[in-house]
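My questions all concern the structure below.
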Amino acid sequence: MIDLSNWLWPGAGLGLGDEFTRPWWYFSLLLWLLVGGFSLLSQRHDPRAGRYWLFFVLCFAGNMLLIAALDAVSFYLGFSLLSLSAYGLVIHSGTAKARRAGRLYLQLAVLGEILLFCGLLLRASAAGGRFDWHSWQAVPLEPLSLTLLLLGLGLKAGFCPLHWWLPQAHPVAPAPASALLSGVMIKAGLLGMLMFLPATDALMQQWAPVLLVTGLISAFYGVLAGLLYTQPKVILAYSSVSQMGYLLLLFALLSLTGVAALPVLLAYVVHHGMAKSSLFLYAGMAGEAAGRIWRQALFWLAALSMMALPLSSGALVKTGLKTQLAAANLPAWLDIGVLSLLLTAGAVLTALLLLHLAAQLRAANNKQSNHTVKASAANSAGRWALLMALVSALWVLPWFIVQQWQLAWPTLAQHTGLIWPLLLALLLRWLWYKFSRQLPAHWYNRNAPALYYSLKLKRLYQPVSQPQRHWPTITLRPLERRINRALALPVVPFTALVCCVLFGVLLLTW
Amino acid sequence: MSPFWQQYLPLAIILSSLLPGLIIFTLKETQVKLRISLNLFGVGVKLLLVLLMWQAVKAGQQFYFSLPFLPGADLVLQGDALSLLFVVLSSVLWLATTIYAIGYLEHSPLRSRFFGYFSLCVSATVGLALAGNLVTFLLFYELLTLATFPLVVHRGTAQSLAAGRKYLAYTLGGGVILMLGVALLHSLVQSPLFTPGGYVTAVVSGNEGLLKLAFALMIAGLGVKAALLPLHGWLPQAMVAPAPVSALLHAVAVVKAGAFGIIRLVYDVFGVESMHALQLAQPLMLLAAATILYGSWRALSQQDIKRRLAYSTISQVSYITLGVAMLGPLAAVGGLVHLVHQGVMKITLFFCAGNFAETLGIHKVRQLNGVGRRMPVTAMAFTLGALGMIGIPPTAGFISKWYLGLGAAEVEQNWLILVFALSGLLNAAYFLPLVYRMWFLPQSMPWPQEQQLSNRFETHWMLLTPAVFTAVLLLLMGLFASTELSPLSWAELIVEREFRHD
Amino acid sequence: MMVLLLVLPLVGALLMLLWPKIAPLLTLLTATICSLAALQLLLQVSEQGSQQILLAGWPSGLAISLEANSLSCLLILLTTVLQLLVALYAFATYRRDKLGTGFWPLSSLLQLGLTSLWLSRDLFNLYVCLELLGLVAVALVSLSGDKAIKPALNYLLLSLFGSLCYLLGVAMLYGAYGVLDISALALQWQTNILSTAALLLMTLGLMLKAALWPLHGWLPAAHGAAPAPVSALLSALVVKGPLFILCLLWLQLASAPQAVAIAPLFTGCGLAALLLGGVSALRTPFAKNMVAYSTVAQLGYAMLALGLLLRFNQPLFAAALWLFVLAHALAKAACFLAIGEITATLGGKRLNTLKGASQTMPLAMFAFAVAGGSLIGLPPSGGFLAKWALLQGLWLQGDQLLWLLAIVLATLLSAAYVFRVVVLAFDRADPVAPDFAPRILPQWLALLPALAVWAMALYSEPLLRLLKQEGL
Amino acid sequence: MTDLSPQLLLYIGTAAGLFAIGLYGFIVGPQTLRRILALNIIGAGIFMLMVVLAYRGLADGAADPVLQALILTGLVVAVSATAFALALLARLKQARPGQYRPEQEPGP
């Protein structure tokens, strides 16, 4: 732990004190390094590589800083560094679409910053001017600051009602950047929630069921919306919305089960981070995988893990989730049976979405294979090797976490319980093809209304002109002329007359 | 330190810029070297003296110098912690501005006159900071107006003359109203030294109406320079002045003088107790909050860079007023530290805007496209300044907003946090597009008026260094806020002394 | 000492008439000696209290009696010093400006008239001084040549008319009481219609001569047409003479009810002078007329202070009154000299001539601006002291918001007309080229009184104390 | 204040009449020369008043010497002033022969 309170603001410190920030930090570092290595290869011919690396490094620094922060202000520093620098990654390609998405991203990021700032202020004030986590977690939350913090951090985390920017911004960034955005950066919001909103807080426990339901909605919404898009990266982005919903659900469970859900949450974060990064990276170079079965296998490994194929990390976290839910101390209006049914349905939908993704990837390949950039063989091989490393990490790492936290391994029954949603999804998908039902074309790839409002907002805050009050111009000059002419009297008699009149008046009025 | 020194040090600090200024007036245009060395000599001496004083004040010494003037109100120069905050700010920024101005005006006419008035202006500012009572303050306040006016109209064009006229109309009007207020207060309690905790407490009962009137008059007078809401009209127009002058107006001298006066008025004349007793804080707070939002809102639509910055100043300076008006220790720290931080940030922005104008002829927002590639260092400095204005950590702006926000929460005025949030959003809305244009858009048209000012750097080094210096300063002040040298700890010291009196 | 102060200018003037060649040097000499003598007298008086002498050994009542209190001494010092300064200025410029040889003896006579006026405490002596002052002043105005004859003639006619009014008043009072000495008269003063009418007559005559609003019509033309040094003397000193007598009359002679009854006239006229004079100064297109109208406006302050003094009997107003007189004298001398120098060099009498003057004649412009600062009342100038005293008095009286507002307005107006010139001077785009190379010495001479009026601030405390006590 | 005899009152009335005539002439008279003359008439009125006052109710019937001294002084002043005014008028006529008309002044 590094104490910086004599240098920076009071209470500033960096360190990996917690038992979950440490794995979080190492996991993030690993992911950043892997993707960084990937970027070294993929951005080699990028004309704007300098800018890319600048923002990449800033994001990296911000992300690491916020995880290692021991006090709220350091966290906020890292958080804003991350948020703002990510803008550079989002609009890296410079296309109109990217700029549009970037604008939306930035608007919401700044809004989130400010909300978070207000929340922090209220909390800091409540904590008597101390900034470290421990003193904050000891002070009970109040509804206003809780709302502000949830909104501010939620805008980063990107679960359902606060997800607007996510499906726009993630797809337009370069593949490694999207991988990081979805893989680690949106987790920063979640980490913030973990830090700022202690599970044991009374108010938090009251609100947890609501968050739980929100998470579920988000999980479903992400998938359903994703099914309506055909660009692979958009689908992946919506999948992130859905997965963040699960994470929010887990976060809510923390308050309902005590801290037992924490390792599961951590494992889920690692799992989703790795899987989503792999998928984004793959989506970025899917063209090179055409006709190469091993490369496609990497996709399937990652996708299946996300679909919670038994023995995969996905299976691990999904069973963990179910176990925790079962153990949770739910309020009466939340029926556990319905919830687990919904979870199962969610698993089916997730699998469906990934199958949809696979299909779209193939279609995209067929369209794009003609005009993919020809990279050198060594470059390409290096990238695929890194992807492979990532995928293997995905399959291996969560088990370490389970081991470290001594969680129960999924039982055989649970494994089989995970199989059939997968099969059901396959069946549905097959049926879909079989009957070649297509939704009307205009249902697909609709522009998000958020973009429209973003433009409206932009016009609002960048007005070309504002109403100006125009004072009526009064020209007194003619009046002055008239007065001058009227007063152009001969001086001597006039003055003498005034003198006499004054005398008379004064004497009479005495 | 001997008593002799102690007495004359405040005077020497003023003279260190006044005398070179007066000598510079007499120089010929061709005596460039002599003029520059005189100028820099003055800056150097002043910084040295200020350093001496800073150390002594930190150790708890007081400086006092007086001349007989009006009955009951001598001309007093006094060095206490609060005055030193302002003195240090203006001397350090004067250094940067002097270098900048030398580079900026390298080939323009009437430089002797310019630098003469420039030095006078700084002398008046420092005198105002060191003023020990209201009458002395009033004196330097008016002198500042006079010394600044020739700078505002320096270009001598119809536009700058119009701006000068407006500037005078506002500031002289404010000066008269301030004089009225000071005279009223003087007739009630004389004009003793500024004392922490104020000196009107004894006469509050029975004189509520008059005291309120005096306060309103003085706030109106100071509000002109501090650009409080209905009195801000001169500031956006005065931006036609050359960039160093804008820097002076917005960061070093004029606007700050108003804000500083409000701080003095609230803490050292009326004092927290009387402010509460007279219920003066709430209206001031409302006024400041309205100014903050209004300034930001008006800044949105300004297409001229310096004009946009000017509206931003209107908004930002009211943070200081707001911090003061909240009457809580944390808010006071925020307000005081913002006095410094805002100065450094705004001067950076003006330096950069001046660089763009001087090197490339850029005046409008839309001409900024792609400047980041042509002038990366300046654009970087500008970006830092802009981020600071929005209040993004780790810049200095964040620190002051943080303390202001904490102060608002401390005195349970949560609506002010909303004001800060809104203003932050608006700040982002008018600064980020500039940053965006600089870095992320390609150059869309040829530079309006490009000049090759340097072969090695993107512009003349004398224009570049001050901007970089202040940009680094604002970053350092934000990063190392807890160190002993930071304005934050100095502000805490002041507040501790101000609030400890009882 | 007092006798020396009177005799020296008289003898000097006579000698100047005899040997016109040495007139300039002689003027300088007498002015210098008189300044030193005035200083000496001031010191003496401030040490030993006011002094009184009777000329030529006649008994009291018949002899011409002179009384020097510290206010008179201050005014004498002011007169002699300004005289010296203006003489220096004239000496530096008289060849260039073709100042008539008449200037030197006339200015000495002017000094004589003023000095004797400050010292006299006798109604008829005051009349003689007034008459002398008026005639000399008109003669000085007419030095300017043909264009000045008309204003000079107007000035003369009105001045004579004013003197006659005053004389009638004096005659009435003498007829009623049989004494002319003011202190003796005050002892047997009765409040009746005759004394009121006499007072009113004298007041109106004096107001006419002092160009107090609304009887100021002759002043702008006369002061505007006169040569610069003459305008400086006229505006700075000559109009103050009648004002001094006016104060004597109302403060020492008039009974309290009379004083209170007349107060609204003075305050009202003062207010009107401030505002209308200010507006006129702001709008007039001629440079020297602007300064002249400013005199009309500034005299309004004195009148306002006099009116308030009569009404409230607050010593602060007396201090304000005389501070205004002193500050205005110095500042106005500087203004006229500076403007005169600039217009002479740049060639033209319209305000537009001053375009770019800050560049071509920075020193003179600076002098004008500094003097203007005092006219506005910026601290720490003499004008500020006066205004401060006035404000203090008003705040102490309480509930005088109307006057305060008026003062604010008047200050802003004066700021407007001063800075109208300054802004023009900073117009670099289209400067007026000088007809010949600007000369430095006259500009410095214009600057001196301007600096002096700011230096008044350093002596504010003794000044305020003195004027509060001795403000008649 | 001493009482005035009817005779004296008559003189005083005459003096007042002179004053009034002079005043009227001064205000109305369109020509400067007439104004100068009117001033002299006013002066005459005042001097007459003073002469009368010199004889006011003094016991021995002698005139008040002070007032007479004053009148003398006043007369000297008046004569010199008139001379000066006439000289000025002459110069004015010289400078602008035939251009004489009622004066026109600029501005308020």
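Just so it is clear, A, B, C and D label the chains in written order, and each chain counts residues from 1 on its own.
The rule we apply is simple: a residue touches a chain if its C-beta (ideal position, glycine included) is under 8 Å from a C-beta of that chain, and two chains touch if they have at least 3 such contacts.
Just so you know, these numbers come straight off a predicted model, no measurement behind them.
Asker: When I count C-beta pairs in contact, which pair ends up with more: A-D or C-D?
Answerer: C-D
Asker: Taking each chain's centre as the average of its Cα atoms, which chain lies closest to the overall Cα centroid?
Answerer: B
Asker: Farthest chain from chain D, going by mean C-alpha coordinates, please.
Answerer: Measuring from the centre of chain D, the most distant chain centre belongs to A.
Asker: Can you give the whole-Å distance between the Cα centres of chain A and chain D?
Answerer: 102
Asker: Taking each chain's centre as its mean C-alpha position, how far apart are chain C and chain D in Å?
Answerer: Between these chains, centre-to-centre, one finds 27 Å.
Asker: What is the distance, in whole Å, between the centres of chain B and chain C, each centre taken as the mean of its C-alpha atoms?
Answerer: For chain B versus chain C, the centre distance works out to 42 Å.
Asker: List the centre-to-centre spacing of chain A and chain B in whole Å, with centres computed as mean CA coordinates.
Answerer: 39
Asker: Could you list the positions in chain D whose residues touch two or more of the other chains?
Answerer: Residues 26, 35, 103, 105-108.
Asker: Taking each residue of chain A in turn, which ones touch at least two of the other chains?
Answerer: Touching at least two other chains: 491-492, 496.
Asker: Would you mind listing the residues of chain B that make contact with two or more other chains?
Answerer: none
Asker: Can you identify all of the chain pairs that touch?
Answerer: A-B, A-C, A-D, B-C, C-D
Asker: Taking the complex as given, what residues does chain A use to touch chain C?
Answerer: Touching chain C from chain A are residues 480, 491-492, 494-496, 498-499, 502-503, 506-507, 510.
Asker: In the complex of these two chains, what residues of chain A are touching chain B?
Answerer: Residues 4-10, 12, 51, 73, 76-77, 80-81, 84, 88, 91, 94, 99, 106, 110-111, 113-115, 117-118, 121-122, 124-126, 129, 144, 461-466 of chain A touch chain B in their complex.
Asker: What residues on chain C touch chain B, complex-wise?
Answerer: Residues of chain C touching chain B: 356, 358-359, 362, 369, 373, 376-380, 385, 387-388, 391-392, 395-396, 404, 407-408, 411-412, 415-416, 419, 422-423, 426-429, 457-458, 460-461, 464-465.
Asker: What does chain A use to touch chain D in their complex?
Answerer: 483-484, 487-493, 496-497, 500
Asker: Quick check: in the complex, which residue numbers of chain D touch chain A?
Answerer: Touch list, chain D to chain A: 23, 26-29, 35, 102-108.
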